[in-house]
Each structure stands twice: as structure tokens, then as C-alpha cells.
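Each of the two complexes below includes chain A, the first together with chain B, the second together with chain C.
Right, the complex of A and B next:
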């Protein structure tokens, strides 16, 4: 990799301007140009970003090596824990308390189920609370669900499950209506209509938002709605450490670990909704991440062991604009809304080098190309970035940053940076797991009784997600999974079992993989978490 | 790294540590190999998990803050705090003609009966790490101006530092959330959304592939 200009020097050389030269005659790329850019510079396409799974239902399928290591790790418990841990029962067990988990719990309760909502951190601690850009729903007169559908598919390189996307885009307006009924606010225009803005990779204003606090607003409302629903019990600081089956292969509960009590509890349930989110804290390919501390892919690992089919685990989203500097903010996201508002990306020569609202994978690859080819800005940490040209957008539209992006301003203020005066050094940050557990239209997995909703599931975004579709997906499928799980009853009255763990351990041994490596990983190693053995 | 990084001495949860400078309290702890996982989540100041009390060198004042948004400084003292859960409150909002209507206001006062006990001690406003004028918000809410009260709390992350600092147990962040939710629920449905919902209901919009 060529080294760019050192940060301090680049900052001194930076001059704000209302226009910028272009490095390339065309900033919008053809499909072929996009493909070769991705091939050359996107982390997913690197040779060491992929290996073939040897164990489980998806053996022979590609997977990122770091995730493969966890998926093919041995369980940490055996049948003895079922005899020793106290038992509690519920009708629906929801795992994870972001937007997907909370909406699933609310709808399951509305359908008459008693719900236990178990979460690794506190209620609402999730990626949802940080998803500030907005939520997609085609509501403008010139827009249609069909267009939303087409653009979701195109941005995902046509590898989405079309039926799931169809359902999601048709759900969009009703999802927004439901959120308003829960008490969520959105920005309105002068006429009292919902304000909309455009996401990268799309042609219409379709993102509904609340300043740059959309996810925060969503989460504080859903959290309060959950707390005010008597049929939902919440267990905080209680990660799931294994899913349980009833011997007939029906998912009928889980083993929880209370971090505060350092104790295990067996939960017996009619059905389980896994809404455990993504895995940014695995820091794939050494990237920083925008994800919360608990995003370690643990739910995915447990579902895979139980036999749930997964897909596209070699496809991840590196969001183009994470802070590269200052150090305290490294990896933290700068919402795509900032580019949607007209902010450019420029290299160390002050040149624009890509359509800033191209799909995220393309923009990220273009940023990495500029850095690879010596047109980046180099930090003493060894990382490189390019400028997000915030002073120029402020010069063209005075006041836009403070009016539209109060969170960004507050973050910068705390870190001693002024984005109205100085450009922000950004680099791609590991943001989202594009694939995940295969689900049906109602969130069912290939394991009876096990439902998935949100980032842990796959099939909707193909190989690249567009802004605002994550917040839509979590509520659309969270509600559907909640309704379906509430109506699900296991056959017979089978004893809870961990037979699937014994089978999986045996398969690992047979394949010659290391049986000393164990999972799930509940926190990244640097957090210093240690669990009491079962 | 070419040069050795500058370190500072700090005291966190009673433990004396030498940590690298230019870090948030959380990043500094992790680099010093100190465990931290229960009082952290988003690391960007929107979840409210990492509430701390801070005292800087040569300053007797104890300040409330979020650890992920607070950089280490030489000789600072930090205490991570577990705060008691908020006082229980239960309510179900139903749509009314406007947010500042009698029914909603009666419900607010029944749900938060301490709301009119404010002593104007400023404790909540001083405690807020987001610089919200919490006390003014409570005055507005108590006055029935729910929309205006809610507007003050746009940046609230529900860290509940205001709750723990209120001697009258008013639970300000939850009063504000009630006000904001009531405003959203009682607003007329935006026209662009209403029209699209109707078109979908009539089956006019389908997907072809």
C-alpha cells in the first residue's frame, strides 16, 4: 500500500472551496466498473476473506475465516447443566432487545403470549440505537414500493430473496404508522408531511428520519413500550449461551447466563425468536467497527449448531464513513445522511473520486482505492483515510450541519473537532452482516420453533444493504416473527435436550478441526469478560 | 508507533492506573487491561450505559458524564455508577385530538404524581451529560405544554442521571418521553403517509418480478 500524506500536513494543506476538481471524468460508475472496483479493493473480495465450512448444515459453503472459526467451535456446556440449573418457563422467548427483539416481543404479547425478553446488555442496548440515518418507506407521490424493491435488489447485486424483499417494501408504510402509534416522532416538512431524503444507491427520497437520531428515537420509544407491557418480562445482562431442543428437533428454549448472579437458567419456551444482531466486534480483516459492544455473532453460532441453515456469511458491509480520527472516535459512524445532504469525499489532492451516493460497497471500495494508491491521508497509527468535506457543504449551505446533524456536532465537540471548519478524516468501518440465518416470510428458520429477525437473519439485503433498509427490516420482520412465534406450539411434551451439541462436537472431531476452540464469544476479548464455567 | 505514547495517571473505581492519553475513559481502561463490559455498549454517547462521576484535578466539583464521551486527563478521578432502576410507572397512551388535551394531561399527572413537586434545585439540569435544560422541561410539562417539553429532550439518551439526581423522584427523562410519545401519537397522520396507506389498502401497489 502506498503511503499517503501525513495527517497534520494534509490538514494544513486543506483549503475549503465551493467546487472541487474530479479525479475521474465520470464519478458515477457503470455496472462493470463497479464490479472491477469491488474486485480490486473491497475487503470481501480479498483472497483471505473466505474459506469453506467443513462442519454443519452449510458445509461446502464459503464463510469469512474469522466467523468460520466461531461457527465451527465446540460448545462450552454439556447435558449436566440441564440437571443443575434452575428452570423457568415462558411461551415465547425473545433473545436480543434491539428494534427487532422489542417489536417481536410487543407483537407476540399483543397476540396473547407471555414473553421473556432476554438481553446480553441492558434493554435496548443494540445497534438500533445508533442507526441514525433513517428508515426506508416509499411514501412520496413519485415513488412506489416497486421502485424500492428494484433498488434494494440492484444494490444487493441481485442476490436477495425476492419474496422477503417484496414483503418488506410493502410493509414499509405500515411499519412507519405502527412506530408512530408507539410514540415515535419523525421530522416533518412545512406542510406536516413526513420529510424524506435520499439514500445512496437509490433514485427517490425515501428515507424517513428524525434529525440524526432516528434509531435513538425508535429505541427509546420501543423500550418504554416494552416496559409498559405487563406480559413481557425482561432479563437484562442475561446472554443466551445455548439454544435447546425438545428432542424432536423443535427449538424449545435456551440456556441463559446471568452476568450479575453468575448463574445459569434453563428457559423452556414454546418458541424462540433470535434477534441477537450482528458481529462487528469480531473486527473482520482488522477493521474498526461501528457496532455496539455485544455484537459478536453469538446468536448466529448457536443457531448454526442447532441446525439452522445460514447464507452469505462471506458478505459484510464496510460503511464508507467511519471516523478515522480522532482516536477516541475511530470506527464510530458518520451517518450517510451527511453525504445525502451534499457533502463530498475528497482525497489528499482535494479531488472528488466517486459519486458519494453510489451504493455503500462501491463508495467504501473507492475510498480504499484512493488510500491504496497513495492519495489518502496517513495517521501515525498506520491507518489511512480520506476527507469528508464538511466545511465545503457548510460554505454552500450555511448552518446545515448544526441543523440536520446535532449528534455529529455533539460527538465532534466532545472530541475537540469542528466539522464546520475542518474536514473529517474518515475510513470504512465494519458495519453490517449482509447474510445470516435463512428465514421464511414469517421469520421461521429451518429449525421448527426457532425464528429469526433483524441482522442475525439473511436473505433480504443480498450482498450489500442500502441505508434505511435495516431499520425497516427489523420492524417488518420483528413484528412478523412475533406474531408467528406466538401461534407456535411444540409437538408433544418432550424433555429439553442438548443432543444437538453432542452431535456437533462429534462432527468437529470427525472433520479434524480443533476441539479446544469454543464458542459462543459473548464479548470481544479486550472487554475482559470471563464466564463462570457451567 | 515511532515514539512512546504519553501516559497519564488516573484513579478509576478507586484503582490507580497509568493509561495512554488521548483516549476516552473506556478505551483507556481496555488498553490498561482492565475489564469493562456491563457499563458500556454503544461507545458513541447514545445508549447511556457508561454513566460516571468525575472529579478533575484541582476542582472540587463532582460532575456526571458518559465515560465513552469523556477523555482521560491527568489526576482525574472516575467512579462508574450503577444507579437504581427508575421508579415504576405504567401507562398506555391512546390517540387524542391533540397532545395538550385534558385526557393526556390527567394521565401524565396520574402516571407521574410527583411532577408538581419540583423544588427548582437544578440538580437534574446540572446532572444531564447532554446539556438539556431538564428543569425547564419539567416546568413546561407540568404546565401542560407537552410538545414544547418534549422538544427540549431531542438529544436525551435515557441515561437517567436526572432521575437519580431528583430529590422528589420526578423521573424527568420518563416524563419527557411520555410527552414526546403523546405528541407523536396525537398528531394528525401525515398526508403523504396516509395516502400511501390507503393506496396499499386498495391493493393498487403491487410488486412484479
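Right, the complex of A and C next:
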């Protein structure tokens, strides 16, 4: 990467203007131009963003190196822990308490199962609560699930699993109905009907929302419902550190670690639902992330070890406009609405370089291109960004920022920057894991007894996700996994086993990889977390 | 109850004492001398005294101390003396640091002896300029005395003492945020566990005690645990500095036995409620707790009783509103404080505090409508527990409790 102009110098050189030169004759790109831009500059396509897995069911498949290092790490425990840790039994074990985990637990309980819901942080601490945009469901007259289906596939560059997308879009209206039954509120239009708005890359108003708090409101009702369901027990601050099988290859439990008591517990279950979320906190390629503290990809690692097939672990979504400066706001996203309102992205020469409303992956790649080619603004940390030209939009339409984005203004004011006077330095921010564990329509993985729902699973969003489909997916597949897991009974009465760990360790040794590297990673290194050895 | 004379227990009798020799001449240093002669007895004494965290948590002080002391020997251990004090209506730490810095330092030194701590960091809000000056001068005097050498001998290692300006943000007073700040980072609260006693500054065992908590230590050791225990109310021992402000005749800091009733505090010490003498409400401890109303005048102001009343003592701040004065403006002001203090890390908190502040501001300005009030009520339901630290919960609590107690007032304030 070429070095850009240092931040302070660039800020001094910045001049506000009502018009900006264009770096390229055309800012809107054709499909071919988009493809070659992505190829050249999107982080997913960078040379150091991909390696071939050597171990496990997906060997020979590409994966991001940072994730590959974890997937191909040695387990941290062996069979002795099974002998020493106390045993508890449940019918369905759910791991993770965001929207997917909670809806799975509720539906499993509704189908008569006793459920243990184990969560790394507190009940409901998840990326779900941060989802501001809304949830997609084709409920408007003139809209159809077919259209929703087509648009989801197109946004994902036609690499989604069509069966899963079909199920999800067909579930849409019923998911909304179910959420309302749970007590969730949505914004209504003047006639009292559910209000909808349009997501980028779609042709119909299909996003239902509750002000800026859709995910939070969803989590509020799910959390209350979980608390009020006597068949669900909740274990907070209890990350899973290994999945267990019954010797016949059926997933039949897990090893939990209580952070509070620093103790391990073996959970025996008929089936396990993994709803452990994504992996933004791995900070792939050094990018900041919008994800919550627990998003470390640990669920993927454990499922992979047990033999669950994964897919597209080299595909991630980078939100184009996250704060690069002030550093304290790194990872905080600036809504697409700011660009929709006419705010330009400009490089260190004051030139516009992309249609700011192009798809997220294209805008992110264009920003990185400017930085790669020396037209970025550099921080001392080495991170580069480009300007979000807020003073120019303010000059063109005085008062627009404080009128339309008062929260952004307040946030900046708290952090000591003034977007009406100075441009904001932004950079792409790691937002979402597009791939994940392969699942069937019922959420079942390639390992019997192991189900996945939510961001940890893959196949639905292809290589790019549209706004609002994440909240739909977590409830749609959370409920599916819950129902299927409640009906799942392991064959025979095999003993709990960690034989798969021995096999996996052996495979790592054989492939010549470092056996000293271990996983899962429960928290990012800077969280200061240390687990007592088993 | 026969309240002890004002400001006789915690602070030096002369009220202001910034000279070490003067401090030592009036029984100062006795506690430290006793601690040096019998360090093993310190934690049992603190346990028996019932001293609790006076920064607001009310957590038994000895438990944190014992956790540190129980860590394997060797290596660095840190004490952060928390003087980040930033809550509206709270000014007790400033008072202690300005008027009686030696008491705080002596308390910190005894704490280090009890727990084997070898790094003491006085972590003080930079806005308290005068407090930092007096503390700096007081600390220099201690460093030139014979004590540091004696303590180092007892600890078997060197003792580092330093004053560090905190970032001054409200959240920087939270334990894990303080650790981040001491390490030179922005004070983002970390998740707990791991608890600081296990992995704090630089991953080492770290004890964080409030300035007022530490200031109690010398006289507990000097006068004995039993003496201290008798001062308080049941499981809440000793005294508390109550910071009274708002609509009272004589606002100020009053050190009184823990469990003094609200009525005694307001009528006997703070000169009564201003204006018409009638109490409407009190924002207690921060103000991130449920407000207390006139029906609770008899409430004992201690950790346990306040909790039973679904409020909290917090820092001991009592911001008084007289009958006839509106409740919404101060609520709006405190919500604006929380919005300003939200660090930006958790979107629901950033967004939620901002929106609550805006809606109440709109109502205060006379432009509020019914749907704004409905939205406030909704926010108070969906926002709790949406942040990694408790800032958002505090903000919601003050709103929710004022909506509960003064719903009619909110109703009247919005345009029909």
C-alpha cells in the first residue's frame, strides 16, 4: 500500500468546496468494471486474504488465513476434562443468546423440549441489538417473496444456496407475525399499517423497522420471553469451549466454561444448536469492526472440528463508512443515509472517485483503491482512510447535517470533532461474515444432532448481504433449528466422547501444521481474558 | 439517634490539614504505624469493621482486598485510588483531597501493606485542579518521610507512588475503564469477568478503591473495627459523606453516621428544604438511581435500606427538588449529562441516551407531544442492559422513576 498524506497535514490542506473534480470520467461502474475493481482492491480478493485449508472436511477449500489459523488449531482440552467436570443434562442445548439463539430456544421449548441456553456474555448481548436498519419481509401489496428471493440472490452475486433463500423469504411474513405475537413493536404508517422502507439494492419497500432500534426491540421481547419460559434455563458468562459427540458422530453435548466460577461443566444433550454469531473481532487484515466483543468465530472452530462442513469463509462484508478517526470511534458506523443525503467521498486530492451509493462492497473496494494508490489519508497507526466530505454537503445545503443526522452530530461532538467544519476520516469496517457452517432447510449441519442458525451459518447471503436480511435470517432459521432440534434424538445411548478432538489433533500433526497453536479464541486479546486451564 | 458532631470522624478535626507534620502530630500516622507492626491483622480488621465501597457500589471492601492478597506471591500489584468523581452533585472526593490529603494517602499505604500492593496510583479527575495540587504536595511530603522505606521493607519490594490524571469522562470512573485509562488507552469499559483483582493493569492483580473508602482506613486501624461498626446502621458501618445540593438552605458535604435518615440530613444539617420547606423529590447518588419522594423522608440513607426501597445510595449525592419546582428540567439535564458521557462504543446507548435527552428537552421547551412521551416510555423499556457498562441503565433508571412518580406532571407538560 502506498503511503497517503498524514492526517494532520491532510486536514490543513483540506478546502471545502461546493463542487469536486472527479478522479474518473465515470463514477458509476458497469458490472464488469465493478468486478475488476473488487478483484483488484476488495479485501476478500487480496493476496493475503486467502489460503487453502489443509485439515478437516473442507481441506482444499479457500479460507481467510486468520480464520484458517483458528480452524486448524489444536483443541485446548482432552478426555480428562470429561472425567473431572460435573455433568448436567438437557434435551436441547442452545449456544448463543442473540436473536437466533433466543428464537431457537423459544421454539424448542414450545415443542416440548427442556432447553439450556448458554451464552458467553449476558443474555441478549449480541450484534442483534445493534441492528438499526430493520427486517425484510415481503408484506406490501405488489411485493412478493419471489421478488425478495431474486433480489437477495442478485445482491449475493448469485452464490447463495437457493433452497435456503427460498425458505427464508417464504418465512418472512410469518416471522413478522410471530415477532408481533411475542410483543415486538414496529413503526406504523398513518393508516396504522406496518410501515416499510426500501433497502439499497432492492426494488420494493420491504424493510420493517422500529425507529432506530429494530434489533434492540426484537431482543427486548425475546429476552423477556426466554426469561418467562420455565423450560429454558439460562447460563450467562458461560462460553462453550468444545462440542462433544456420542461416539457415533452425533453431536450430543458441549463443554461449558463458567467465567464467573472458573469452572467447566459437561452438558449432555439430545441436540445442540449453535447460534454463536460472527467473527468481526478477529479484525481480519487489521480492519476495525462494528461487532460486539464476543464475536470471535469460536462457534465455527468447534463445529469444524466436529466435522461440520463450512463454506465461503473467504467472504466478508465491509461497511464502507466506519470512523477511522477519532480512534475512539473506530468500529462505529456512519449510516448510508449520510451518503444518500448527497455527501461525497473524496480522496486526499479532493477528488470524488466512486458513486457513493454503489453497493457496499464496491464502495469499500473503491476507498481501498484510493488508499492503495497513495491518495488516502494516513494515521500514525498506519491505517488509511478517505474523507467523507461533510462540510461540502453542509455548504450546499446549510443545516442538513444537524437536521437529518443529529445523532451523528452529537456523537462527533462528544468525541471532539465537528463534521460541519471538518471532513470525517472514514475507512471500511469489518461488519459481517457472509459464509459459515453449511446448513439444511431445518438448520441441520452435516453433523447429525448439530444445528446452526444466524451469522455462524452460511449459504444465505452469498457474497454480499442486503440490509434487513440478517434480522430475518436469525428468526427464520432460529425457529427452524429450534423445531428440528427438539425432535432430534440420538441413536443408541453412546457415552460422551472427545474422540473427534484426538482425530483432529492427529490430522494437524500429519499435515505439518503447528500443534502449539490452540483455539477457540473466546475474546479478542485486548479484552484481557484468561481461562483457567482444564 | 444522636448524630456525631459534623466532620469529626473522617476529616481531620482542624478541617483542613495539608502539612504532614501537622497530620502526624494529631494522631495521623498511628494507623500506619500499627499496620507496619502487624500487617497480617489488617484484612481481618477491615472485614470486622464492615467497611464498604463508598464510591457507590457498597461492595464489602475486605473481599476485594482478600482477593488481591490471595494471588500468588511476586510480581507487580496495583492500587488505583479512584478520584475520577464526575457525577452531578458529588463532591466528596474533591473535598477529601483538598482538605485532608494525608488521610487518603495514609489509607492507601495501609491498603498496600495489607494486600502486598507495590504500585499506588492516585487516579484523579483533571478538572479537580486544586485537589491535584494539594495531593501532589502532600505526596511529596510522604515520599521525603521515613515511611516509604519502612513500607518497602515490610513489602520486600520497591513501592511506586504516582498521581495520574484520569481522562475525566464519567465512564472513566468505572473499574475496568480506569484500568484502560491507566494503561494509556481510551477508557472503554471492558467486560467483567475477568475481574480486576485477577487481571487488571498490565494483566496484573489490581485493586480499585474510591478515595472516600481509603480515607476511612487509617482511623479504622487506629480506633478499631468495633468502634467503626458501632457508628453505622446494621451492615452499613461507619460514616458517609452526604453531598447535599439543590433546593436546600445550606447545601454542602456532611459526614454523618451511615444510615442517617433523609429527614435528619435535610432538616437538621442542610437547613431544611428551600422555598416552602416541602420536599418533592431527591435524586440520589449520582444521579443514576430511582428518585426518592417526600413519602420516604424517614428512609435511612445507607446501602441496604436504600436498596430495599428500590433506590440506591450511590455516591451519597442528594440533589433536592422542592415542592412546586418542576421535575422534568433536572431529569432532562441529567439525561443530557448521560448522553454527553456515553462513549460511543455501544450503539443503543449512544443513540438511546441522546434520544431520551432530546425528547425531555423538547418537553421542557413546551413543544412535547403525546407521542414524544409515549416514545420516552418505550425507550425506558427497551434500553436497559443494552450497553456493556451500566451507563445506559443509570440513565434509564432516572427517567423511569420520574415517569413513575410524576407521570401527571409529564402528561400536563405535553401538548394535547
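The criterion applied here is as follows: the second predicted complex is superposed on the first by the 423 of 534 C-alpha atoms of A that agree within 3 Å, B and C clash if a C-alpha of one lies under 4 Å from a C-alpha of the other, contacts with A are read in each partner's own complex, and residues count from 1 in each chain.
Heads up, the rule we're going with is that a residue touches a chain if its C-beta (ideal position, glycine included) is under 8 Å from a C-beta of that chain, and two chains touch if they have at least 3 such contacts.
Being a predicted model, the structure only gives us computed values, none of them experimental.
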- For the three-chain model obtained by superposing on chain A, do chain B and chain C clash or fit? clash
- Query: Once the shared chain is lined up, is A:193 touching chain B (first), chain C (second), both, or neither of them?
  - Reply: first
- Does chain B (first) or chain C (second) touch A:212, or do both, or does neither? second
- Task: Name the contact category of A:20: first (chain B only), second (chain C only), both, or neither.
- Result: neither
- Just chain B (first), just chain C (second), both, or neither: which does A:129 touch? both
- Would you sort A:146 into first (chain B), second (chain C), both or neither based on which partner it touches? first
- Message: For A:169 in the superposed arrangement: first (chain B), second (chain C), both or neither?
- Response: first
- Touched chain A residues, chain B compared with chain C: B
- Once the shared chain is lined up, is A:396 touching chain B (first), chain C (second), both, or neither of them? neither
- Query: Following superposition on the C-alpha atoms of chain A, which segment of chain B from the set 92-100, 146-154, 182-190 or 200-208 overlaps chain C?
  - Reply: 146-154
- In the superposed arrangement, what residues of chain A touch both chain B and chain C? 121-122, 124-125, 129-130, 132, 185, 211, 213, 216, 220, 237, 259-260, 293, 327-329, 332, 406-407, 410-411, 414-415, 523, 527-530
- Touching residues on chain A, where the partner in the complex is chain B: 121-122, 124-126, 129-130, 132, 137-141, 144-146, 149, 162, 166, 169-170, 173-174, 176-177, 180-186, 188, 191-194, 211, 213, 215-216, 220-221, 223-224, 228, 230, 237, 259-260, 292-294, 326-329, 332-333, 380-381, 406-407, 410-411, 414-415, 523, 526-530
- Mind listing the chain B positions that touch chain A in their complex? 1-2, 22-24, 27, 30, 33-38, 40-47, 49, 69-71, 89-93, 95, 130, 150, 154-158, 174, 177, 180-185, 187-193, 195-197, 200, 205-209
- Message: Quick check on the complex: what are the chain C residues that touch chain A?
- Response: 186, 188, 190-191, 193-194, 198-199, 203, 339-340, 342-348, 350-352, 354-355, 358, 375, 378, 381-383, 385-386, 388
- Mind listing the chain A positions that touch chain C in their complex? 121-122, 124-125, 129-130, 132, 185, 211-213, 216-217, 220, 237, 259-260, 293, 327-329, 331-332, 406-407, 410-411, 414-415, 523, 527-530
